[in-house]
Each structure stands twice: as C-alpha cells, then as structure tokens.
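Chain lettering (A, B, C and D) follows the sequence in which the chains are written, and residue indices restart at 1 in each chain.
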Amino acid sequence: MTVTYDPLQVSGRVLSNDRVGAYHHLTVVAPGIAERTRPGTFVAMAVGGEHTGMLLRRSFSIYRTRSSGVYGGTVEVVFAVAGKGTEWLAGLRGGDILDVIGPLGRPFTLPRQPVPCVLVGGGYGTAPLFGLADRLRERGCAVHMVLGAATETRLFGLLEARRTSQSVEVSTDDGSLGVRGQVTTVLPALLQRTGAPVVYACGPMAMLRAVAAVAEERGARSQCAVEEAMACGVGVCMTCVLPVRGDDGHVRMVRSCTDGPVFRGDRVLWDEVGTVPAGTVGAPGAGGQR
Amino acid sequence: MTVEVAGVRYPTPVMTASGCAAAGRELTPFLDLAAIGAVVTKSVMLDARSGRATPRMVETPSGMLNSIGLQGPGIDTFLADDLPWLVKQGAQPVVSIAGGSLGEYAELARRVGMAPGVAAVEVNISCPNVENRGLVFACDPFQAARVISATRRGIPKDIPVLAKLSPDVTDIVTVAEAVMEGGASGLSMVNTTLGLAIDPVTLRPALGGVTGGLSGPAIRPLALRCVWQVYAAMPEVPIIGIGGIRTGFDALEFLAAGASAVQVGTSTFHDPSSPARVADELRSELALRAAVSPREVVGVAHRPAGTSALRAEVSM
Amino acid sequence: MTVEVAGVRYPTPVMTASGCAAAGRELTPFLDLAAIGAVVTKSVMLDARSGRATPRMVETPSGMLNSIGLQGPGIDTFLADDLPWLVKQGAQPVVSIAGGSLGEYAELARRVGMAPGVAAVEVNISCPNVENRGLVFACDPFQAARVISATRRGIPKDIPVLAKLSPDVTDIVTVAEAVMEGGASGLSMVNTTLGLAIDPVTLRPALGGVTGGLSGPAIRPLALRCVWQVYAAMPEVPIIGIGGIRTGFDALEFLAAGASAVQVGTSTFHDPSSPARVADELRSELALRAAVSPREVVGVAHRPAGTSALRAEVSM
Amino acid sequence: MTVTYDPLQVSGRVLSNDRVGAYHHLTVVAPGIAERTRPGTFVAMAVGGEHTGMLLRRSFSIYRTRSSGVYGGTVEVVFAVAGKGTEWLAGLRGGDILDVIGPLGRPFTLPRQPVPCVLVGGGYGTAPLFGLADRLRERGCAVHMVLGAATETRLFGLLEARRTSQSVEVSTDDGSLGVRGQVTTVLPALLQRTGAPVVYACGPMAMLRAVAAVAEERGARSQCAVEEAMACGVGVCMTCVLPVRGDDGHVRMVRSCTDGPVFRGDRVLWDEVGTVPAGTVGAPGAGGQR
C-alpha cells in the first residue's frame, strides 16, 4: 500500500565481486542507499548491459551497507548463480557500472523490548540477518542464530555468525556440517532454551513455512522475508503477490515487493502460495485480462 | 512539448501504460507525475479482483509475459482513493476500465463519468466477453464497437474515450474503423500480444494463467506496424502508440508512424523513471531534427521520401 | 533422436527454416547437411524473382525484420540444380513452394511432385493472392484450404504436404482446421509476424518493402502460443514448431507445447551451425529429463501437472 | 553461387583493441582464419555477449592476419563506431572472448602481369588494401595508393601507405590534409601518370561509384569492395543484394556476401543500388513474400 522508504536509483561502480563458498559477494558504490537501508529491505539490479535482451531487474537482500568511505556509500549483496542474470552479475569486475535501485520493501519489525531473538537463515538467506542482528543488539536483544543449507559450502556467514551471536546452530541436509536435517530440526529446542518470543527468518519458501509453523506452535511470533518473482520490484506490476491474511481477517493477494518482503509468518497462507485461495478478496475472477 | 490528443492537452507526449504504473503513487520516488504526459491507470473493473495465481510473469528475449488477471480494488475504491490522489498531485489521469460484459462497461462508464478530474477514459477491450463464449471483445469488430458505444454513453462529451486495441487480429484496420464508428475519440495501440512459455522444471506452461500477454521491445515492430496500418487508413484519427518503447527514438518511431502520443509500459519495470526519461530523450530527438513540436513529425513516415523538411537536419 | 512427422522419418527433430538456409549449400562449412533433421529450402516460385529493393533487413530487439520478396531462380532451376545436389548430399529435402494464385501453387506442386528425392513439401501460404485483392492466403481459412488442396492434388500420396501458417490471424485454430480439411498432412508453425521499423535518418520505413516479417527469439512466446493452441484443439495433427528457436531448451519448449519437430531460422544468421547445435543441445535437455526419445515429450505441457514422469528427473 | 573459401567459426580471444585516430584497431586470436584469408575478404563478428538482443553479426574487412605467433594465428580489423554493435566492440578488452566467422566472400582478383596498380581507400576502407598491396608487390606490381576521408583523423594507415607504396596521394573533404576534395579529384591524373590498367577500391558506395566511373573513362578496370547491410554474411538470407550485370548481360540481384564483396566496377549498376532496376531477372515481382 505504502512505500515505506524513498528508494533511490543509482548508477554505481562495482568495488569488488568475490567468491565466498557457493556464493558471490558483490560490493557496489551506491551513495545514498546505505543511509536509507533498514534490515530486510532489498535492492533491484539491472543486468545484462545496455543492449541486453533481459529487461527485468534482479532482486537481492541487502547484506551490508556502509554510509561512506573512500569511495562513497556502498551496498553489499550475496548471491547464488541461478540463471542468466546472476551469471552476468557473477562476471562483473571492479570498476564496472551497475544500476541499482534501493532500498525497496518493508524491513523486519524490531521488538520494543530487549527480548532474546532467534534468527534463522537458509543458504544466502543468512545475508540480511547480520544487519538485523546489529540492530537487535543495539536494542539489548540477545541474538541466537540458526544457519541451514543443503550442504556445508552453501552455508553463508558462519564465522561472522559465531563472532557476533550469542549462540549459533547449524543444520545441513547432508550432515556435512552441524546437525543433519533442516533448520526446524534444531529450532524447537532453541526456542525452548532461549525463550525467544520472536523468530526472524529468511530463506527458501519451504523453510519459511516450516519456521512459521514451529514458531506458531511455540507461541512465538515470526517475521519472514519471502522471495517471489518480481517484474518491477517497486509495486507497479502486481506480479509478486502471495495470499496474506490482513488485520481485518480477509485474505488478499498482496505484493511482496512493497508490502513485503517481510511478512508476519502467521499471516501468510503458506500452503496456498501459488494459488488464489477460495475466499480471497475478489476471487474467483470470472474471465479477465490475460 | 505539450500535445493534444482527442481534444485534451498533455504536458508531454509520453504517458505511462495501463498496468505498468499502478495508479502512479509508487513512481513518485522516480519521477514527477505532474510533469509526465499522463498517468494511465491500471484497468479497473466493477468489483475487487484477486487476479490470477502466480507465477504471473516470465522474462522472454527483450520482452516479458504477464498474466495478472486484472487484480484491483474495484471501481469504487479506485474513485474514492486513487483518482482524487492523482488529481491532487496535478497529474493528468487517464482512467482505464475493463469489463466482462457490455453492462459492466456501461456501469463503469457511468461511475467514472461522474468523477471529477478525469482527463480521458481508456477502454481495455482485451477482456473475455462472458456473454459470448469468453471471446475477447477486441478480436471482434462488432463486439468491440458495442463496448465502445456502451461506454461512450456514460461519459461526458468533453472527456474523450480511447479504445485500446489488441494486435491479435487478422485485420486491425477493421477493428479500428468499428470502434471509431462506435464512438471512440481515439485509439490506444496496442495491448500485449498473446504468448506462452514453458517452465524448465515442470515442462508445463510457466504462467499460472497458462497464456499471457507479451510486451516489451520484442513487440515494438509489431506495434509500430499496427499504428502504421491504421494511420494509413484513417489519418484523421488520434492514435496513442504503445508497445516496447524504451527510448526517445522508439517514441519518435511511433510518432512518425502516425501516433500523436505514446505510452511506456514494460520499460518502467527496468527503469521506473522511463516515462520522464523517454520524454527528455524525445525532446532531444526532435531538436536533432529541427522539429519545433511533436506534432510536426506525426505521420511523417507516410509522406513520400524527400518531401519532409525534417530529413535534411539530421546527421547521424 | 530420429523423429517421424507425417509419415516421414528425419535424423533429428531440428530442421532449417525456409529462407534461412537457402538450399543448404552455403551451410556446408558449418554443419553436415545429412545429419540434421531436414533442409527446408527457400520458398520457390514458378518463375525467377528478383525480390524487393534493399534495405531488406532491420535488426530489432532480439529479432529482425526482413523483406526479401521471395528472390529466387524459379522452380525449374531449383529442380535442376538445388534439389539433386541436396539429394546427393544425403540431406532430407523439404521443398517450400510459394505462389500468387491457386493455379501457380497447383503447377508448382505438379512439377515438384515429379521430382525425385523430395521428403516433404511445405506450402508457404503467407503470400498475397493476386486474384483476391492481394489478401494473404494464410489470413483466410477458405483461401488457405483451397491452396492446400490444389497443392495436394499434384503431390504423390507418400509425400506429406505441410501447410505453413501465419500467426497474424485472430484465430489460428480455424485456419489450422481449414488447411487440414484441405488435405494438409501437417502444419509448420509459424511464419514471421508482420512488423515495421522507421529509419532514423529519413524517418521513413526502414525496409524497402515498407513492412516486413519479424522473426527471432522476440517472437518465440507468440509462436509457442500458436503451437499450444493448435495442439490443444487437434492433438493428432503433426506440427513442426518454428519461431525464435536458438537453443536446445527452446526446441524442447516447442516439443512440450505439441510440436513433433522444429525449424531453426534466424538463429542461423547468428550461428550458422545452429540446426546441428540445437539438436545436440536438445539431446542433452532430453537426457537431463530421462526422456529416451523426443516423442516422449511431445505435448507433455498439456498433461495435468504431476502426471508426467519427466518432471521428477530434473534438478535445475 | 559458390563459396570460394571454407570459412571457419572461431571463438577467439581479444589480444588488443586500440584507438587509432577516429578508429579502433582490434586484434583477435582466431587460429585457422589467417591461413585462408585473401585480400578483400571479411569477417563477421557476433556482438553484445550471450544474452544480447542483437542477433546479427557485424562484418568487417580483414586488415591483417598473422598465421601464427605466441598466441596462435590472429586476425585484425579496423572499425569506426557506427551504432550499438560497434560501440560494444569498442568496449572489448584484452582477454575478452569474441566469436568470429571468416574469411567470407570473394577476394580482389589479382592481375596476371606485373602491372602498375592504383589502390583507393576511403576512411577505414584503406584497411584491406595493405594486404592486397603485399600480394601485388609479390607479383612485381608497382603499388600507388590514394587515401581519402572527410577529414585528417578519418584517414587510416597513412604512414603504412607511405612506407610501403610507390606513391601516396591524400584527399580530404575539408582540406585538413592533402588535396581538398575527393579521391576522384586526384585519381585521373594518377591513372594518367602511372598508366595503371587496374584500380582497386574500398570505401563508401558513393566513392566506389565515382572511382568506377573514372576508371571506366580512362579505360582501366576497377575492383570495388562494397558494403551492404548483411544479416547472415554467409549467403543464406538474401538481404545483402545489389544489382549487378552478369557475363550474359543480364542484371541480377546478387549477394554481396558470397558473390562479393568485391565486384568489377563496370558490372555494378551503381546508380540503381537500393532499387530493383527494370529488366532485372525476375523483376518486377507481383506480390510476394513480405
């Protein structure tokens, strides 16, 4: 509904682009974006160069920002090569120009009280949690992290997590590091032990859904950053929707770019993502625009 | 760079395209709504619509497919919230309406016709007619004309009614003639062309809605051809050119082919400042050719080679 | 990877597209003509044709416009020189014919029908009918069907006649049904879609022929949609998919949508080895999905989600 | 009709890409092409990278080749930035990969006797003349060059011409170097002085036409390398045609990629390029494929 922050469109210069395990860590000089960034927001990057056939921007959670420095403010993202756009991004070298819009979307909501918090990241989904952790600590919240991935090389930020968090738990599907299993294998006990009333999560949809369910069972709130295919990233196209129950109890198809990417876990109809659930406001439409 | 289209004056010839700018609000960080040609709003229907299931888009070479399904709040919310907001911003609101039956279009027209501040009404006729086996109005000259006359009746005389045509027809000139006879004040050309993509994992259609509308630079030659054909047949009819416009030169192509103004759609997703940037670039393209106003180039591509004064000024 | 289309077996499902490989000779430095699916030759007319004035092409985003005007040596030279050469190479020649009247198609068919070594005849019906105000045969189901029956009569029973459809129609299924009733053995889908571009210097149409045919990846979603619609209506009809195919996955998309084979056109201009390379890539795409033959994926996109065994094998 | 040489398709590595006056001098490692190159043939380069919206190759005359070297055989071209494809080429750096097809087309025909020859180059059109000059000298022909351009910076290869040719004349439209005027301002006297029975020319169409006319007037033969927009470069698309009179006296629309780019100047209907002259074989076509 509302644009929380005024995003900027910046033609930035790439400062560095390094491999980190299975991921790429990209730093771009993008003055002005850092100052506006709050944890959980994202950037949308133009890919492919001027005469590309790829029209749509690619979205990435903001990993870190620096408001200034020798080169001016920077934005950092961590990404996996998933297709042709990220492949192009992976080929960027220092000095190349990159068009960035950000910050976009709504950030994680921070607790008013200094409560213990659990932060769950799946794969590169850990990236936006470090900025969140900083903010939480500033407010006196104890930060416990859970990092999960398919395999060890797909974990991101383990050392950083260990350095900065009260506790860190790790799960991998193949057991190559930490507990063999999913983040939800370790989450219930951690919630129990820490008594955390809130869980923050970023990662694949299946993980978010499972985390939201565990949180709900334990009476904790969850804040989940989702990833839906976005054509515009700024709220004008209506491609990025998912079914979310509003304060009024009604389910609506809600834009994840402007109303998200962070949603309350108990509000998303996880099982019905990819459908228009019966009873959604305006459903089922008879006919309509293709 | 003001232009007049069907009796209404716009600050520039470059507007947003319906469905690619919502109701304008989200673009305010990137451009000044009052300074662009017009804000053509997302097609609104009578009632709130949830739209289609996701995935709603697929990127394609120099284009994209979308299958939104006209998600929207319904006309009353639109008229209560979005339109007054746009008017307050000083924007030129062109209200796009869409219906599933003649009655729905008529009712929409009646309500929009009573709202203050509407610059023009654009009628999206690329909708299935629930009373005619779901056939798209725009693909049948007779039905298309009926929708336009039903709409026209509800709208005050001084507000132009623009018929938005689909390129997916054997003969676009026939449809254009029909809607003009039905009472349209001008034509918006074109809507998306129907396309499909296959998902690499499921090998099923990639869009939730199976087929979707293809847009972006990929379709520009097709859209330009439609404008060219209709202008050639009816040079007196105001045309707004739409389809794959990304730069000022692209906009110029449409003017030369016969459009009096243009709309920028998909390009906005790449660069949300597009409608303003394209106007700036068009200004330079015109200056380069020593054209004092956009009017001067409208339809110039139809004049025999060598008869236009514009050519000599260019050195490219 | 052999496939059968309308009773003829081809070494691979990937053929050249008419007008994008001449009569094969010029591609020999880049691929083995005998190893590709087929060489679909440039549409040939009864008499020699000079074609149109230049410029004959414009590059467009992910596509191009062409206006060649069917330049060629005429059927007799073709049958005397090009066809025997192709046969000698061990290639599968699919002969494309084009005419301006029913009589011309009939006469072409008669002569092609007597020539040895023809694998199939493809009928390019995207030509103006000089006996019907220059209206394009392919845009009128009745005329399209008449051309096909006139052609069919001249061609021996064991040689399939493929009707090549234009996407520039309101309802492609109707045209498909008509040509099948007219006696077509299968469908080649699709030809180029009509487009236009403006020259930046003259501000006149950039092509000598004013409008031209748009081809390349830009039109792939449109072509796929046509194949999807026709297969959905007539799953038993053999379809050869054409339009913007550049990679093995693109070819797979067409198979999944309902094509039994594909043709590669514009991509050949970028990479003259395309017809062979796309086949290699298609082989990998099939292997990735544990499909033993191309047949297995034909039309798979139409089956309800989850009913195909192919899905589980992919990990992308 | 016939493909004179077997072209190769090579994924080459850029060795260097330098500015030379108004032009760019690009050297690509493309093993195999050098051995097949004869003066007047050209290469077609893919532009824009893998996901580009630019489908068509760009053609360039071959300036020089080396059959081998530390890096393997190389091909060199000289080009002007004309639009988006050449702009992209201008941005290439050493180490970048470039897809090259060549050599394409028919070369200049060499005289059987060791006669004096005049070589006329307009702008970057001089580039292919140096290889030709080498071959001519090998056969004992005296080489005289005329270089023309709009202005001094658009002349290419003047020093090289001076170093290697018997005589060099220069014309510029603006008189910034050499004679003010066109190459045809100096050509008649040069033909007279040298008694050259053949003129070789490469440059803009208007220049070729003028050169062919001067040659014809003086009873000399001309060999002109033309530049027509090409979609395929290999002879399959029929976009690159121009009207040429054949040995049988008939005018045909002839492909400049495979039957050219070098044509006998007296055979091209220069005044009617861009049209289908009345009387052309197969003209006027009634209707036809768009």
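Rule of thumb we're sticking to: a contact is a pair of C-beta atoms (placed from the backbone, for glycine too) under 8 Å apart; a residue touches a chain by one contact, two chains touch by 3 or more.
Bear in mind the structure is a predicted one, so any value in this text is a computation, not a measurement.
J.: Where each step is a move between two chains that touch, what is the least number of such steps from chain B to chain C?
T.: 1
J.: Could you state the distance in Å from the CA-based centre of chain B to that of chain D?
T.: Taking the mean C-alpha position of each chain, the two centres sit 46 Å apart.
J.: Could you tell me the distance, in whole angstrom, between the mean C-alpha positions of chain A and chain D?
T.: 55
J.: Would you kindly tell me how far, in whole Å, the mean C-alpha position of chain B lies from that of chain A?
T.: Spacing between the chain centres: roughly 35 Å.
J.: Two or more other chains in contact with one residue: find those residues in chain B.
T.: Expected reply: 61-63, 194, 211, 216-217.
J.: Considering chain D alone, which of its residues make contact with at least two other chains?
T.: Residues 53-54 of chain D each touch two or more of the other chains.
J.: Chain touch graph shape: choose line, ring, star, complete or other and state it.
T.: Topology of the interface graph: complete, with all chain pairs in contact.
J.: Chain A touches which residues of chain B in the complex?
T.: Within the complex, chain B contacts chain A at residues 19-22, 25-30, 42-43, 45, 47-57, 59, 61-64, 66-72, 74, 98, 100, 124, 126-130, 134, 192, 194, 208-209, 211-213, 216-217, 266-273.
J.: Residue numbers of chain A touching chain D in their complex, please.
T.: 48-54, 84, 88
J.: Help me check something: in the complex, which residues belonging to chain C touch chain A?
T.: So the residues of chain C in touch with chain A come to 61-62, 217.
J.: Mind pulling up the chain D residues that touch chain B in the complex?
T.: Going by the criterion above, the answer is residues 53.
J.: Please give the residue numbers of chain B that touch chain C in the complex, ascending.
T.: 58, 60-63, 65, 139, 168-171, 193-198, 200-205, 210-211, 214, 216-222, 224-225, 228, 244, 249, 252-253, 256-257, 289, 297, 300-301, 303, 305, 308, 310-311, 314, 316
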